[in-house]
Structure formats: structure tokens, C-alpha cells
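Here's a structure for you.
Naming follows writing order (A, B, C and D), and every chain is counted from residue 1.
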């Protein structure tokens, strides 16, 4: 509660939003606010200005292209993804989003906010990496596309530079995906998670074990456990899990996610 | 929490030592430095805004060189004060020559973060600290290269 | 900043600081103290309101974001003191004890029943996941919601 | 989802309100957002208080500078520890030495002793501004090493929190009853348990603490609108500290958003509010936010049990035990060291062993102060006795059900006097266990175990029991400190017939969801032979009603005994007065010839001679000319209920420490995923016996709530500190409380063993959650085959248990 003083701006277009962000290095984009506002309550971060992206229709919406590619606007809420007929083209998206937090948060929280905050316990960073999503970033110099595995740079840090915005995420066609997590209570915060996608070989992205999702590949689901061991991860310890326990969970969950992916 | 590591610099020990003990050079290695004051050769103060995606964390950082054995060992006591966060760090490094002319630095730091940020962010502190450390080391490498260039050229 | 917000059919125009959370605006500026604050991390749901038809936690929105919005709070449920069937069911099934989480619980259940008039136990529990109750253990709350489902 | 052996929704009842699930009178306002909780109270010109809190677990305060904060527009003023030390006395200490010597003030003075401790208070025009200004308060600290593990708190090299106590030992006492040597000599086996740990958590009421304090300069009196649940205790702490008479402290509460004991010890914050209301000459409002609450308010007692030895026969007969209890009090003794004796209300648990020795030690650590939490101190001890049962059963390879039944206090033993002189009033534990087992389909367990195994899961079943001892004999405080002049207990109710015949009931209690307005009305309606709808029970508590006594409040499972007995007493006084009045009005008709009916009083033989309550009220209050001089009738009856207690014997530490013993037996069935250690409760039964139930639905509600809190504590809820004394679970993000999806299917059951010692046959209840914590531990032990030694078993710990099992 009780935020620090902050300016508020509600741009009418992505262009205006980019200008606001570029002209003030203390400005931060406000998406659904389901993470940022809480961090501001703790005064652990206090932007000088919030640029509210709510209502920018250019950033909303879910489109399914002929080749099966899904394009999801950054400001699309989890609830919209869960309810979307188009999104069923890649079923894992709706399935995972339906387990993020709770109804209220899903009604406000956005896919863009989830990946841009890149809290290591978030669901979507590993999922985006596993399914090979491509992120479109807009800036003064126009747009650029970054593959998900290069998008996440650190805790709360992504390829979206100051003065830039994530505008949409493209997810290629595919169905053989899996997601597994051990959470704090039923469908709660992830203690450790893993997303997998099978497309010939197996792509697995581990969450909660490092500042960014850890991408692994294996020829078969059976090979995933070895791949995790080979990766020599050294996850952080916290009150919910020691590094040792997380290392173990990563192996188990990666295997489960891969098996789920292979069997659909 | 304790973080430590080894790093090799492609420069003679003297150069590395000089960079590590030049406040101005050190300032350029620290993340988000907004101002930097040298009080004397043992005491420096920096105002930094550590860049975190959700907004920078402002801190006033006081550094004291508490121990020094030129040209191989130094220990710094670092106290950071920010709203909602207090950082106490003791860090030291040991330099040694490698057989092929470069310099090896063994470093370690004991970092403590107190206050709401320490409690709220405990899940992510370790990765964040690692991030910042990497930032410092890379910047340090640059400083050493520059110093190397200026001395050799 | 000037905001105009419609709450339970009444439009209020106020000048608010951008940093003010919607829940503080409702409780402190508009004196609508039915919605409560039970945490500071967006977990408890005691502040849940229906915002332009969508269930949200009013502690994770700024008051300025509500400019032009239409908000429903617990005060708007009963009409001239006549409890809604859901409110009556909470009473019949002893679905409240201290009553602090109840306003948020009622808003979440109301939102659920608008979308889904015959939810299963599982659907009810999932719909209430964002509302913490420390008194009842939720069993009676689920029973109450189920009793008004068709 | 929940089957229940109780009658569900109530039907329209005309007569015999007691025993019926009458719908709650409180609900209508609460369901419409019309309750009045403390943060809803506003006053003109009030200032908002924000506490500057310590970031250090242990440090000297070397400098405090509030000038920058006070310089801001809209900041009304500040309060520092130095001012507090000058304006108030340290709080009275319950403890004998060394704990008696510590100096506790409402703000840190000279030193901070836990992260989150209030250091300075800032009051400003808005909530946000008060927090802004608090960031400008400059405090310099000189950090000291922190003491976070009670087990090393007394080491010679451990830092000392309180120099006045010359060490971290706060209180210790040896309790020994029976003949331990004989017991161990007679034993076939001695089972040894090196260490057991009961973890730190609390009930996290959804509403945190708060107050709005007004100071009336003219009469020098404070009005404290608050949600403190034990104003009587707050008053005796605050009065002497502030050096004012208790009548200068008017406490007012209405609706309270849960308490569970956690809202008993807010007196330090209330003193700060009082001092500032006087200093700034304006109402001062304080709202405690969730993180503040977790950091600083009323954690449950963390307790270790070391070197436990149990004397048993091969057939599982328990003879006795000896153990060392080490209690972690945190930084201050705010209600402690009462935890050092409260446990003794249930010394033998539910079992017949007669030889018991417990060496109790309480130490200070650099963590938040502990204070009462639902099941206060008994929960820790009962968890211990239940752990002993299951560990003994495992060591002797006996069925835990059989060991329990063999050793339970039997129905025919009731009333049963424990080795330390407590009297278990009534109950049939074996029958309760059978019912609980039946509710989870106990005979089907072997089959379900096999079926789970096929799915790669481990299934286990566990039993937990608690005695919810209610109505304290405060004389037990003398076992802590013989100097204390407290004993017995009391509660007040006032029932009056108003001028228009309205029946008005005023309680001394501070309900937080227990439905006092409803159950009190049920008792009144039965005596006055009217409808509960005709009974108006005032909401909340107000010192100015003069309807409270020294021990008034809502805590220690006592309303059904103390509160309702006071209501019964006052209502019977009123009924007698109504008859005396009517007798006189009817021209000398004797009371026996009269009866109360249909909202009035009438002559049994000639019902037409009828005097409605309205007339009674009007005659006495407004139309009393001509009434007989000797007619002593006020129709405003105040009754003080006093339970039949003696002062305990300080030498032998024996005596009846509590009046009633409600009983809970819970059974949990868990299923573990051995690969991850994650588990879920797949079946659960809770059986309760609290004697006569005035309102079965409200009783069942308490059972359910306590069960949910137990499940949360067993699996997720813990106040975990790092080695520097930082709290790692400071809010609901990391301190996970169960939500709807976490709840297992629940079957509740009840039997009624009326208490022979209470006017209504009732027993206090509501604190039986401890049973569930143990049921989960026992189920994990059953599933994994590994001995469970901790009350808190998150997935990680279960995974480690399984690792140890393989090693």
C-alpha cells in the first residue's frame, strides 16, 4: 500500500507511449500492474512515471495465421488467452495461463507483463522459450524481433531496452507441448517449473533455477534427465527450496513436461 | 550470501592493481553510478541507481579500503544505504601472476541485504547479485584493457 | 488528477494523487468502507470489486486508472436492504464468521455466477482461489455458492 | 463437498432456542459491507500514523533525527523512543526474574531487537505522506550479532538481548509430578526422542491490528477505537505504563476481522497512538499493514523438546515421560512467559500416564515477540504428546489406534484428575476416535494404500487429538511468578428491559466472528420465553457500558462458559425482577404464580392478567409513582459470572488450571508424490465434543476454521528467519495461507458430553486446530515410514525424509 509519488500518463498510441518512455528514463510501462504495483507498494522500486498501456488496442488481440502462427498482443490478458478460440491452436498457452495466480489477477495480468517482469518464478518465460516464441520490440528506430531464448537477460531484465516496448509475441504452430511445476499450494507460486516442446527433438526450458530460463535439448524425453544433469545448474536457495532440492525438482519436472509433450 | 570466483586479465599485475586501486576506474565499473566522491585514498562514496527492470534501486554507497598488501591483496568494506534496503558487503581480491604474463584475480564477497527489499526479494537476490557481479567484472576487464592500452601505447 | 468514477450507479468526481490505489480511494475518499484491505501483496482479495464488468483486486489498480469506469462493490449488491439470494445463502450456510473477507468473497462469487450459473465444486473453488478467508476454511462458502447455482 | 453429521440449515424455531442452529444476527450488516471495522472509523482532522521500523535484528541506536521528516508540509509530528522513555514507565512484566528485569517500552529505546521493531512514529495528513516522511527519519545503527536459534541463545558467546536480564534466559521452571524413577523402573522399554520441533507461525487474521485514538484534554481521557481482543489486559498493561487510572482508557470495539489470540498484545502500539493523540492534540489513526503484522505481531510460540524419555510397557501402556521444553519467546515478553504454564492445563494430553517431568525454559531471541495464538501453548504440548504416541507405536511396532485406546482417559474415569490436579470434566475419547476413523473409511485404507502404490504414490493415515481447555484459572500465573495477585476468572453481562420494553443485552466480550450476538440472544430468549428477534445484543465492547470485568475479552475458549453464564445469570435476575414487579402491579401476586410468555408476564391461572414487557419497562422507568417503597426493581441487571476456582498450589505446581475440556480428534489421509515430496490431503475428518452446543452450526464453523488453519500450518505457514534475523516470509507472497483449492474434502462429526461444571453444560471451544497439525505429521510418518520430528512439513522436508529413508 501507500506508493511513492509517481506521475501517470495514458498515451493514446504506441507511438506516444514510446515517446513518453524515451523522454524520461524514470518512466516505466504499466501493463496489467499485477506485479509492478505490488513492487511499488513495497517501495522496492519506484518509477518516476507510469505509462499506462491499458486501452492501446494495437497491443491487444490474438491472431491465428494460415501457417498456424499465433500472434498475441503484449497487453492480452491471461483470461483473454484462456478464453480465446484462436489460442486453442497452441493448447498449452491457455492451459498454463489458467493456472497463473487467480481469477482477479488473470483478468488484469498480461502476457507481456509476465515475460517483461521475468520474475524467475513466472510461468511464461520458460514456456515462451520452450515453444520458440519470437518477441517483437518497438522503439524509436522501429521494430525488431528477438527469439525468446535471447529475450530474457536477467531478473526483471529483458531485451526490451529503456524507451522500448514489447508489442507482440509470435508463437509458431505446434501441439506437442508440456508444462510441469511444483507450486506453493494448489496452482500457487512456482517453486520450480519446466516447459517442454517436442518437434523432432525435445526442447525443455527450466524455470526458477536461474535468473533466466535455462534451455536444454534432448533427442528423446528419456534423454532429458541427463541433459539437466549435464547442464550443471546451480539454482538459488530460498525459504521454499534449497539449491539441492531445486536441482532435483528440475530433473523430475523437465522429464514430466517432456513426457507430457511427447504423448499429445 | 557469499559469492566468489576467479578471473584472468590479459595484463601485467601492476596494471590490474593500479586499476583496482584507482577510484575513478572503479567508479566506471559500478552499475548505475550517478555520482562518485573520493574522500581520501581509503574512503570513497558513490550514489548509484542499481538498474532493475522494475525501476532502479537508489543507494548511497560508502567504501573503505580496510586492508591492502600491494600488489597482491586488498579488502574493501562496503556499506550501502537505500530506502527499504541496506547492503553490507565485505569483498577482497588476491592477484597473482600466471605463467603466460597475464594476471589472475581470485575474489570473494560476503553480501548482506537487509530491510524490506531483502525480505521481499529474497527469492531473487542471489541471481541479482550474480548479475551485478558479472557487470562489475566485465567493466573491470574493460578498464584493465584501457589502462593496458594507455600504458603500452 | 481529476477522475470521474461511477460506483454502484453513482458518479463521483474527485481530484486524486496518481499514486493512490483504487482501494484507498474507495475507502478513504468515497467512504465506501465495505471493501477491505487484508494484505499488501495482492493475494487476499478482500478488496475485490467488479470493474467495468470484470472482477479485479482494487489494490492493484490506481484510482486514476478508474477514470470513466463503472465499479460495483459489496454496498451495491443488496437493494434497499433486501439481501441477494447469494447473500442470504451465506447467512444460511454460515459462510462467514468475522465477515472481513466476505465483501470480496461475495464479489468473486457474484462474478462467477454471472458467467456460469451452474458451476461445479471445482469451478467454485477455482473462482474463489483469489480470496483468502481465515475463519471458515471455505467449505461453507462453497456450499453457499453452490446452493444458489442452478 | 463436506458431509456432516450435524443438522444443516436451520428451520424456523419457536421454542427452545438453545441447541438450534439459529441464523446469525451479525450477518446482515457484514454481508452488506456495513460492519464497522477499526479502519472504517474516521474523525475530523485525524492524522495517520506510520512506524519507522528497524531493518536490523539486533543493533544499538546511535542517532535518531526526525527534523527532515517534521519539516515536510502536512507532517503533524513524530514520537521517538527517547520521548517514550521520558513519558512512560516500562510495561509491567508478568515474569519473575530474570525476565522480570527487562524494560519494554512502546518504541525501541537505545537498541533494536528484531527486524520490524517500531523505532519512531510519524503522523501526517495522509497515509502516503506519513510513509514518505518516515523515509526521511534518519536512524544510525551499530549492528550487533543476532540470536536466531533458541538452542544456542544461552551459549557463553551468544549476544545478549537484554542486559537487564544478564543473559537470554527469560524464565525457567521444573515441573515434576508422580514418581518418575518408579515409572522408569517399571518400564519394559524406554523410548528416547532426542529432538522435536514445533515451528513458529500464527493465525494471520485477515484484518491486521489498528486503532483510532482520541484524547479528551478536558477530562484527560483517551477513547481508543481498536480491534484489540482483550481490552482488560491492554488496560492493565497501559494504565501503569502511562501512569493513568484505567478509567482514563476507554476501549471501544465493534466488528473485528479475526483475532485468534493474535490481537491481544497490541498495547505497545496503542500507547504510541495515545501519546501522539495527546502530543498533537488531534485524533491519531494507525493501520497495521500485512507486512508490518508478519514482522512484528504476536507470532505463535516456537518450541523445542529435547532428550525426551518415555517409560512404556511392551503392550504399549504408557507410564510416564520426562522432557526438556525450550520455548523461543522472541525479543519481548508481551504475554509471556505465561506459555510456560498454560501448557500444563493439558499436561498428560488425553492419556492416563501419571508420572511426568517437564523442564521448561524460555529464552529471548532476535525475532518478533510471541504471544497467544489459537491453541496457545497447549497446542505445542499436545502436538508433543501425540508425537510421542506415534513414535512409541512405531518403536514398539504397535497400531497407533490401539496405543491410543489403551491409554486414553476413559469415559468412566470422568471427571478425571490429572497428575497436576487439573480436572477433565467429561468426554469419551475412544468413541470420538471410532467416529473419526469411520468418517474417513478407515477399513478401506489398506486397499487405498495398495491402489495409490500402483499409481506411484505413497498413502498414509494419521491421527491428531487436542484438548481445547477453556476458561483459564488466572491463578496459574502464580506458578510463573508467585508475587502475582491474580486468580480465578470472570465475565460480565448486563440485560435490561428498556422503557419501551426492548430487551437489551450488553456483553463484556470482543467477538471476532464467534457469533456472540446470536448465541447470547438464544440464551436470553429461552429464559424470557420470547423470540431471538426480540433480543437486541449490542455489537462489540465499550468500557463505558460498565459491562466488563478484569478478565473480560474474547480469548482462551471461554465465551460459551463465562460469557453465556453471565448472560444466563443476568437474564434470570431480570426475569425475577419482572415477576416481582408484575406481582406488585397485580396486587401482591407471588412470583411462583407468574410466568413469562408472549413478550410479557402473566398469572398462570388467569392468563388474561397479562403485563407486556413494554408496560414493565414503562412503569419502572417512566411511570413509577405509587410503586411499593420496598420494591427493589431496576429491570437493568448486571451479573458477574465467576467460575468455581481455587488458587493453585505454588509449591507442588498443582491445581485446577482451567474449567472445561472440549476435545477434538482429527484424522488425515495424505498421498505423497515420492519423486518431489509434494503431497496432498485426500481425506479428512474432524470430530468435536464441546459439551452442550448452543448453536451447532456456529460450533461446526469453528471446527472447520481451526482445521483449515491446522492444514496451513502443517504444510505451508511458517515464520522462517535467516541467520541474520531477517524474516523470510514477511507477507502472503511467501507465507502461503490455504485458499479454496487447497482444501481437502472434510467430514465433521460431533458428540455431546455436557460439562458437569458449567451452568449450561457448555464447554469453551474453537482452538482445536492443533489436532490437524499432528494428524498431517502422523500421516506423513505412516506413508514414508520415517519418524517425523517437526510440526511443519513442506514438500522439501518430506522429500528429505524420503532421501534419509533410502540412505
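For the reader, a short list of remarks on this structure follows.
To be clear about the criterion, a contact is a pair of C-beta atoms (placed from the backbone, for glycine too) under 8 Å apart; a residue touches a chain by one contact, two chains touch by 3 or more.
If you're wondering where the values come from, they're calculated on a predicted model, not measured in any experiment.
Taking B-D and A-C together, the chain pair joined by more C-beta contacts is A-C. Chain centroids computed from C-alpha atoms place D closest to the centre of all protein C-alpha atoms shown.
Centre-to-centre, using mean CA coordinates, chain B is 51 Å away from chain D. Chain centres here are Cα means. That of chain B falls 49 Å from that of chain C. Note: centroid distance chain A to chain C, computed from Cα atoms, is 28 Å.
The distance from the centre of chain A to the centre of chain B, with each centre set as the mean of the Cα atoms, comes to 31 Å. Each of residues 1, 3-5, 42-43, 102, 186-187, 238-240 in chain A touches at least two other chains. For chain C, the set of residues touching two or more other chains reads 17, 19-20, 24, 37, 40-41, 126, 129-131.
For chain B, residues touching at least two other chains, in rising order: 83, 116, 120, 122-123. Going by the touch rule set out above, the chain pairs that meet are A-B, A-C, A-D, B-D, C-D. Chain D contributes residues 50, 127-128, 131-132, 135, 289, 291, 675-678, 680, 716, 718, 720, 728-729, 733-734, 736, 738-739, 741-742, 794-796, 799-800 to its touches with chain A in the complex. Partner chain C is touched in their complex by these residues of chain A: 1, 3-8, 33-34, 37-38, 41-42, 50, 52, 54, 101-105, 107-108, 186-187. Residues of chain D that touch chain B in their complex: 55-56, 115, 135, 143, 291, 722, 724, 726-728, 730-731, 733-734.
Note for the complex: chain B touches chain A at residues 51-57, 83-85, 116-117, 120-128, 130-131.
Put simply, chain D touches chain C in their complex at residues 1-2, 8-10, 21, 23-24, 26-28, 30-35, 37, 39-40, 42, 127-128, 203-208, 255-258, 260, 287, 289-291, 512-515, 697-698, 700-701, 704-705, 707-709, 731-733, 737-741, 743, 746.
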